[in-house]
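Chain nomenclature is as follows: A, B and C, assigned in order of appearance, with residue numbering initiated at 1 for each chain independently.
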């Protein structure tokens, strides 16, 4: 389904130059866009591609427009943040192309009579909803999801197939939760008694704010006594583990395979790289960026980027450097011994000069 | 629902000082407990908080009781291991507050006529149980679980929603298995034939002892020819991978995101930190503790704590240290060359002295 | 069910010496095989075990046969690649012992009328198949799987319970997909707008070639605009994350817990070790082997093995070496300073000699 540029600008803003009736049917990168698509320039290094693109229209910044807009044959939309404008334009197309969701509860779903499901919600086959659960307006819960007793799913949220939400957990509005996610399983809490482990019941909840997205097979454990908290706007990639009693600040993004250990507190606007690990009980302030593959062992009190992983090398070279890393103490001792020797030689020489 | 302290002590032991009829309705840390709750002191550094807490009663050790018991207004329970006592007391409250489980098979479950399900078991909607499977007394299997043909689930075990147990695998008594767990998928076994991979059928099983807990989305593969074995009392956190033919000793605890490669053998009473990786075919003796983020490449034959991860730093500092790590060989060569130079200078000086 | 050696050789080739009517009922390692089993010698270091094994027959190479064949009492099958022959023989036994699959759609499955399911396919209880999906001949889809609208599953593929395939994704023939796998969830794509994240709709697909195996709880995200591609013969272990727009070359094997970040391109015949992490947007050529626990940050243009992880040590030793790694710059400065001192001493000495 194609749309006119003026519809886009009416909806998303931006300053349009060129034919407002230009029809575009989708969005693509500068190099791939066809004559029926719109494209975008979000990085000035691609400016030379603007005059070459086949696209019917381009989204770009005022600075880029001033530099290369005149070289371009098609319509231009000047936006303060062309990449964010592209994202919203892509959402605009996706919404147009989406298959309309039909409200209602599939006959193969099992909904407890004591659950409250909004009439506008769409509940798929084999979904199970426990007593006291509250499912908001326009929520979509796909096949095989299980929503525990007393859980709450905010308006406009979308749960893909086979998501599990344990009892009493709460998810805000407009959440997107992908398949295989488990929210509210027991935190890993045990008391040691003579070598064996005694389970500490995990009686807290998971509380998730609005506009949170959670990737496939990510797990977020319920708190031990207090709650695990994910603030609004947090974006979690796939296969992330968030342990009991963590607190993740608003708009923080965490890449796949990262792990956040128990009671860790991560600030707002942080980013945690793929497979990074955050130790338990530490605090990371706002605007911290932890690189991929890095283990953060202690609290971080200053914004900035932090890194720590062993550099890759050809296997033989790594073997040599790893052997030396193990023996760095020996190297330091040798340096100390050299320092002493030189001091002695120097003294000897000075002495001789004075003799 | 509140209980009297004497009920607690009758059930869990401990030496009670104070009013045995004191009613408590729950358990909370020293700093948070209200006048209707019981609290605990498990770490002597929190002794000063005992006189300040609002709690109606405190669980503590004899040593702590001797030190601060007299300063405290409420009832005291002296226990040999206050933290384990706290855990059991919390279980006591949780059991009191639990919604009773109603035995029976949900009409939306699919149970093979050749499966054996105890009358006291509770089988949720959309559960599928294969032929020859045996489900013990008081087992609870929540919605969406799939139990393969010939699998066995021991008495008192609880499988949360959407767990998959493959055919012929066996789980002991009182297991707690969280959502998304997969037990008994094929191990990763292939023979290379001219670059392509030929699958080796995985015909072993997974055998899990009593009192094992398994966290959300953890996977335990079936053995290739022999079985994968998890002994009694093992506690596994979320998103752990245990490969084919591993053997995990009793009461070992493994934190989230750890991976145990094929045929690794881990002793009893070990702990494996989050995201640690244990290489295939190695043996780790009892009472070994592998730190988070550490890769154990070779067998460990001596108890103790083992660590190996790159220390985190500001990104610029890491870049410098990583570049030096890559070139440690050059540093060593320089040190050797310095040693030679000093030896020569020293000889030269001695020679001159003798001239 | 036992078979005669001649049946094996007729099916799999190899040169048989000894009684072709020898009956064998299964396959086991040299040390474990009983008198009714066949065994194999794939590594010359186990040659001494051949004369000791109880097995009725042994698979071995021509070289091993020349060396130890005469010492052995039973029948021998000489094969070019005994380990691959073992794998195929094990498949032969497994096929004989397999419970026959009955084609048809379980009454508890929900199949959209607009889906196309081959009559020979076996669709389990609670499976949900969306409109426009195409399920090939002899496909087996176990309980609880959800196949999105327009997805395609090639002939002979086997999906274990609780697999999720999102809309429009395509899987080739003879795939084996284990429980908890999620194929086609949204890639992790957002534009930052003043700190908050704007979702970029992920409109690409996942395309998977023939003969691919995917381990339990592995996730493969759909592409952002273009597709994520897994070529034929790729073998993926458990809990692997493959991000949007990755391209994995044919016959590459990836071990458990590895992560491949967005738009990474991995060549053919590569192996990626457990928990290894491949950075986004990098290219790795054919025949590269990345060791376990290694983070590949930059493209790799030369075949070979690459490694990078911190060596494990007793905790106290690690603390010392880690402290030194953080301060390598200081060590380098000291070495430089020593070099200067020695140069000065040397000059001083030379000068004195000349005086």
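Note that in this section contacts are C-beta pairs under 8 Å (C-beta built on N, C-alpha and C of every residue); 3 or more make two chains touch, one makes a residue touch a chain.
What you see is a predicted model, and the numbers here were worked out from it, not measured in a lab.
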C-alpha-based rotation, subunit A on subunit B, 0 to 180 degrees, nearest 5: 120
Residue-number overlap at the subunit B/subunit C interface, same or different (half cut): different
Gap in Å, rounded to a whole number, between the CA centres of subunit C and subunit B: 26
Multi-partner residues of subunit B (each touching 2 or more other chains): 108, 126, 144, 162, 180, 217, 239, 257, 275, 309-311, 313, 325, 328, 331, 335, 338, 342, 345, 349, 352
Residues of subunit C defined as touching subunit A within the complex: 108, 110, 126, 128, 144, 146, 149, 162, 164, 166, 180, 182, 185-186, 188, 190-201, 203, 217, 219, 221, 225, 239, 241, 243, 257, 259, 261, 275, 277, 279, 290-291, 294-298, 304-311, 313, 317, 320-321, 324-325, 328, 331, 334-335, 338, 341-342, 345, 348-349, 352
Sites on subunit A touched by subunit C in the complex: 27-29, 32, 81, 83-84, 86-88, 90-91, 93-94, 99, 106, 108, 124-126, 142-144, 160-162, 176, 178-180, 213, 215-217, 233, 235, 237-239, 251, 253, 255-257, 269, 274-275, 292-293, 309-315, 318-319, 322-323, 325-326, 328-329, 331-332, 335, 338-339, 342, 345-346, 349, 352-353
